[in-house]
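Quick one: the structure is below, and I'll ask about it shortly.
Chain lettering (A, B and C) follows the sequence in which the chains are written, and residue indices restart at 1 in each chain.
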């Protein structure tokens, strides 16, 4: 059995942003030497998501607008912000988009359909964040 | 360590539909020979979900009505549809329902509670779609 | 390869409740002897969630209020309740919060960022429920 653990570092210029990390994940799978297995990818922070969907700029815009509708950013809406935070919305957005994804590795590559791409979604950025990539298999 | 990769093919008659794939997943687990491990199940498409919930027709109706409320199908609501698509809603629905599920395999079987069932949820169907089943363990 | 399967039992006093199970999961990882691998944690029931987020009481309050907004508890809103159930909302809430989480195990420990905690979210409790913890690795 082989395993590999990598930590990507991301720092977005905008507070809310979407970053395609597919090629970085593929690089780590290649380095692992794993031919058959799985890869887990998750932010190590609770105001961000890793998810799989389309690399299409209109959709990224739609996601942000839709999340704002489901859970508005207004600070006064949330008890969490009584702690001095102003990012309660980002905990909810990350819940909708999901924390992690698990992707199959087959023949040493991400076993993806045509349009599947791995995204890091930042909901409270402008500071360094880490994304864990854990590969297990043989 | 043992691994098995299978691709199920589904084509729903309706654009939006829910298909119970539990027995197909169980068959693949049986063929894998894995007694202890996990199985990952995900669509290879970004307008569909695999999730675990109840096999109850009323609930399936409730899911569809609720998703329509959270993200209406109206084409004009979404920038993604400016690309010529009309399926932006389906990318959002799949986000709510989740892309994938990971299920434990114990004693060679899906380690499920009484009511857990694996569903494929199609949000833009009437064409062939693939679902990946990846089993790893020993 | 090593695997371990454990079943936690939880019974909340309130119908809706949030329980931090991080230390119980860590105990199981310790017992497994796995140094590098993953751990899958999921309820074996379809009206509950396991998720990773902040251990902050205001946020738990925000989650419940927000879920009630996204999918009100009113019995008459849902076809599922025509079966005699009154818990349709809990199937939807669990969909928003997610069924399972998969966490990396590195150097024999949960490979978490500073604020990541594993929660069991009960949406139809006051009775015994089981949570599966499956560890695989080496």
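Throughout what follows, contacts are C-beta pairs under 8 Å (C-beta built on N, C-alpha and C of every residue); 3 or more make two chains touch, one makes a residue touch a chain.
The model shown is predicted, which means the values in this text are computed figures rather than measured ones.
S.K.: For the two copies subunit A and subunit B, what rotation in degrees overlays their C-alpha atoms? Round to the nearest 5.
M.R.: A turn of 120 degrees brings the C-alpha atoms of subunit A onto subunit B.
S.K.: Shared interface numbers for subunit A and subunit C above half of all numbers used, same, or below, different?
M.R.: different
S.K.: Per the centroid of Cα atoms for each chain, what is the distance between subunit A and subunit C, given in Å?
M.R.: One centre to the other, that is 20 Å.
S.K.: Of all the residues in subunit A, which ones touch at least 2 other chains?
M.R.: 1, 38, 70, 96, 98, 102, 136
S.K.: Spell out the residues on subunit C that touch subunit A in their complex, using ranges where they run on.
M.R.: Interface residues on the subunit C side: 1, 36-38, 51-54, 56-59, 61-63, 66, 70, 96-98, 101-104, 106, 111-116, 136-138.
S.K.: Per the contact definition, I'd like the list of subunit B residues that touch subunit A in the complex.
M.R.: Interface residues on the subunit B side: 1, 3, 5, 38, 40, 42-46, 70-71, 78-83, 88, 91-92, 94-96, 98-100, 102, 130, 132, 134, 136.
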